[in-house]
Amino acid sequence: MTFAVTILAQDAAPAAGSMPGWFMPGKGLLAISLIIVAAAVMLSILWARSGRPIRIRKIAGLDAVDEAVGRATEMGRPVLFIPGIQDVDNIQTVAGITILGKVAKTAAEYDAEIEVPTTRSLVMTTAREAVHASYLSAGRTDSYNPDRIYYVSDEQFAFVAYTGGLMQRKRPAACFYFGCFFAESLILAENGNSIGAIQVAGTAETTQLPFFVASCDYTLIGEEFFAASAYLSGEPDQLGTLLGQDLVKGLAWAAVLVAALLATVAAVTGHEGIASFVNGARAALGGG
Amino acid sequence: MGRNAAAVLASIVGLVMVLTAFARPLEFLGTAVVDWFNVLAAIAFVLGGANLLKMNLLKISARDAGWGYSAVTVCVFLVTIGVGLLKVGAHPDPLHPDVALSGDKEAVGGAFWWLYEYAMSPITSTLFALLAFYVASAAFRAFRAKNTAAILLLGTAFIVLLGRVYVGVLLTSWIPADNAWVSWLRLENLSGIIMAVFNNAGTRAMMIGIAIGIAATSLKILVGLDRSYLGSGD
Amino acid sequence: MSDRPNESFLARLDRIDRRWIFLMMAIAVAAPIIWVGVTGRTFPETATPAVQGAFDAIERLPEGSKVLVSFDFDPASAGELQPMATGFIHHCQLRKHRIYAMTLWAPGSPLIGATLADVIGNDPSYRYGENFVDLGYQAGNEGVMKQVGVDFPKAFPNDSKGTPLARIPMMQGITRLSDFDILISVSAGYPGGKEWVQYGVSPTLTQGHRLPFVAGSTGVQTPQMIPYYPVQMSGILGAIKGAAEYESLVNAKATAPGETVPAKYQEAQRRMAPQLFGHSLMVGLILVGNVIFFAGRRKGAAE
Amino acid sequence: MSQLGTPMVDPAVERRANRMMMVILAVICALLALRAVVGSSVGSGDAAVTEHGFGLVYVQESSKGFVSEQSTEKAADGTEVEVRRWKPAAPGQTPEISWTEWNEVTAGEWAAAQRARADAPASAPLVTVSWPRTAGVWFAALMTLAVLSFLWRDNPVYKLAESVVVGVSAGYWMIVATWDTLVPKLAGALLPAWTKAHLMPSLESAGVDWWGLVPLGLGMLLLCRLSARVSWLGIFPLAFVVGTFAGLRFVQNVESDLLAQVATMFEPLVVVKHQVLAGADAAVAAPIDWAGSIGASLSAVLILVGVLSVLAYFFFSLEHKGALGRTAKVGVWYLMITFGASFGFTVMGRIALLAARFEFLFDDWLWLIDPSGKH
């Protein structure tokens, strides 16, 4: 507690001189938080590596991925995968490409055709690497066709125009949307719905979730999307990161509860010490 | 080998970026890399453009179904690049009329402006407007009161839809607005409460979860646990 | 006609070709546009707190305050956001604020010029470089926002015409974001209001000086912005409804009772009529969908 | 390519659809002809004329001329340099460089100008129909209809619009990247003098910025992808980008979403509000506003319950059973309300967009309505 108050006091008064000159003022709490997050994830990975079992709850949409790819194979229709419409500087795109790697592996094993239109040149390049690696590990490099992973246009709606038309013409049996999506979410999902495709979506764009929820068979909500690649891989290291996420979430959960209770105590009792701690903590965390 | 070296590179530059948030001498890197990325993305257009041309030219030469549309795409693409690079029809900057390419590329009246104003802009905004139709068909099909969760979803959508237009205001105008005990029941106030309380809580919690998810995904990249974006490297 | 002659009306309605729904939506939106276009009538609006907050934040600044307006949208979203941009500029003009316009969306730069010309084009008291400036587009998304926070002239070395900032009188004394008196963002997504909070406004909070921030946002982005109001943001215009409320606030200030309001300042209010019919159609569709659902369930239970 | 993915279309259905398309096109043409016959009145007062055309754009001529003058200025290092500055030519002065610009005017202004020119030719600037822009409005209108036709079914007109927009937008973004990123940030950094002389006269540069070599080098490595032999080098720029942004986003998200959102939860669950009375210092003695207090307290409690229960839903390593299961269920309810609200809000925006497209068709193209007084 004393330690926390010292940190808060330093953050509240940026001029405090105890930090070295090269260290940016007001960032002490952030540095400690980052260390806690990193430590939680790292320790969980080590925990998982030591061979202790990790149970992960079912995530409905992910169990459907294999089934959807299998159905596409049976019907002789392609699988459509869209890794969002943002560039590789967005972590959602990277997470989407990781999932693409897993889906492509399933597709390679089933010998289903996978089609990946992208909005960015760099995403095209990255997606080709991931898919190629999947075909390689499935031992089917001969079926890998880089031309099925291609660039359309950086413009969101030109991409939608193309993809919408593609869906009506090629009628993919399974459509996967994993990445950062904006307004195109519903146009894609409604088109997929109208051709009767199995659709699974995952995004951290909270504004688009309602549309995926309304039009897709399964939707991974927010953090579930980031958990998906670990879940699909089933490797202990990856599952360990999920445990680490839960540890951090547990801390956040407790912090939220404590924050509300402290603020209530401060308001009801009018205790000055608690009130100044509440204000200091809020300011240090960036809440104004 | 290449793949391992690349993963090490990713870890090193990533850790340096973490430090930019804390170390004054590195602060400039935080903004500089964004510039570098933009330049890199601009150079990457060569790959995207080459791929676009290749795919469409293949279609044209093979006389695939719909090759005519590919020809249109290729022509329009090349014309846009041509008039955009040469700033056709755009006058130079009035401060430097002697430098032919100094003008605004999107100056009104220029060829690039024409393509933007009369081809790209109306088509993209109409595509965007298609959503008005799709929200209607999605709502009709998906908003059925199958269980508690679905009832909450459609009930909320219902209240917000009504509360945001004049009909909603009229429907509950009989509830006295000046009595604080009941005035919150007016549709326009109810939709405001839904936004401020339930939506606020849901969005906040999702943001916290997503932040944790992004942090964990970034960490996986930083420690080299997630390398799928690097492919096989062979 | 039907291949299932014994099917009930409701069951057939359930399988209705979705193109009939599309047609209904087209009529529900098109007809009121013609009606409003011919009669010129609009619905009355009362401002919600978030819109009033936005209005007050601009209203309370002294005359000649420095207002940074970021046009973070493209023509595809202009239907919803252009009335907000017009309204903000109109309000700043009434309050005689100095307007600094910029955009982080490449297709947004032509919109700046068009909006400024539309609202203050014929106002002799607004001279370019003294009362308003068009800083144009800058690539780099939130990188520009961070740059603007520490070194404004580095992020925007010249205006949209290429004039160096040093030669623009109203840029004197602008070194960083907190030198402005208010930040306005009209945004359609990424980068936009949310990023401005994260990279522009929040850093000023931890520095102890709070930069007032007002955002106009599309309907879809608004729920995402709500958690930031009222701490990080002074006000939000949510969707066309927010724009219509704001328009009516500004128009009430701009025009004396009985005077006619220029049509260009009623764009959002005009669009509320198609909204009314569109929303009513949606509500009707949800109701019909559920009538079908419950009738189907009762029938299923009876069999 | 195999026959994978070729749509199974019944030729009879296809023929019927094509016939229907022809009928629709014919109806549209007939309506346009009718619209032209009816015509519309443009201009006011004396200048009013009936115009049978529509979707026309009028422009006014405006000549620009410039003259230069040489002067000596002190450069940054103190030496004197010759500079040539340009300014607009004064009336009567012969410009060294000149061109004509065309500015859009309303139909009313056009009608008035026609009238004025009839009275006194040559004095007024030329006002005329701009055929490129008129063609543009018509092209835009037809493309708008082409996109809307996709709602009916995929068809050749839609495919045309699709291929146009893919080509034009891919080109558009490449040009934007060239002029707004490559020229100032790469050419401007490495070749400042040349860039200033030929491409960006307004560039202010203190000399070569060697940092520009970093993205150039990365870009060159990326372009190695084009050759099969050195293609593997292309993963280094990818590793660089993904690595740097993983580092940046890690910090940013913890700071701005995780910590800042936790910070918003420092709100008391019990709120006491007082009635607002007239007078500045009345607040102290004012009676408690029970409805307001209960409402605000309830809101605070509901927000806390919501945040905690939705967070509980996201726990992955614990089965959703017992207390956690019940909490997670409440979390799902909150999520559904959030999604419903979001959906309701979005509908408003989407309808506004559609309204804007219809306004374009009715206003700019068909001249059926005229809210902004353009014609």
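Should a chain be cited, it is by its letter among A, B, C and D, assigned in written order, with residues numbered from 1 in that chain.
We adopt the following convention: a residue touches a chain if its C-beta (ideal position, glycine included) is under 8 Å from a C-beta of that chain, and two chains touch if they have at least 3 such contacts.
Bear in mind the structure is a predicted one, so any value in this text is a computation, not a measurement.
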{"item": "Chain pair, most C-beta pairs within the contact cut-off", "value": "B-D"}
{"item": "Most central chain, Cα average position", "value": "B"}
{"item": "Distance from the mean Cα position of chain D to that of chain B, given in whole angstrom", "value": "11"}
{"item": "Euclidean distance of C-alpha centroids - chain A vs chain D, Å", "value": "27"}
{"item": "Where chain B and chain C are represented by their mean Cα positions, the distance between them in whole Å", "value": "17"}
{"item": "Per-residue overlap in chain A, given as positions that touch at least 2 other chains", "value": "30, 34, 37, 88-89, 91, 94, 122, 125-126, 129, 151-158, 161, 183, 206-207, 210-211, 213-214, 221-223, 227, 242, 245, 249, 252, 256, 286-288"}
{"item": "Residues of chain B engaged with two or more neighbouring chains", "value": "18, 21, 30, 35, 37-38, 40-41, 44-49, 52, 93-96, 102, 108, 116-117, 120-121, 123-125, 127-133, 135, 137, 139, 141, 143, 153-154, 157-158, 161, 164, 195-196, 199-200, 203-204, 206-210, 212, 214-215, 217-219, 221, 229-231, 234"}
{"item": "Chain C residues counted as touching two or more neighbouring chains", "value": "18, 22, 25, 29, 76-79, 139, 162-163, 202, 220, 222-224, 227, 231, 239, 241, 275, 278-279, 282"}
{"item": "Of all residues in chain B, those that touch chain C in their complex", "value": "30-31, 34-35, 38, 93-96, 102, 104, 106, 108, 113, 116-117, 121, 124-125, 127-129, 132-133, 135-137, 139-141, 143-146, 154, 157-158, 161-162, 164-167, 188, 192, 195-196, 199-200, 203-204, 207"}
{"item": "Partner chain A, residues of chain C touching it in the complex", "value": "18, 76, 189-190, 202, 205-208, 210, 220-221, 223-224, 231-232"}
{"item": "List of chain A residues in touch with chain C within their complex", "value": "11, 14, 26, 86, 156-157, 180, 182-183, 194, 206-208, 283, 286-288"}
{"item": "Of chain C, residues touching chain D in the complex", "value": "19, 22, 25, 29-30, 33-34, 36-38, 40, 76-80, 106, 137, 139, 157-158, 162-164, 197-199, 202, 218-220, 222-223, 227, 231, 238-241, 263-264, 266-267, 270-271, 274-275, 278-279, 282"}
{"item": "Touching residues on chain D, where the partner in the complex is chain C", "value": "151-152, 173, 176-177, 180-181, 185, 200-202, 204, 252, 256-257, 260-261, 264, 338, 341-342, 345-359, 362-363, 368-373"}
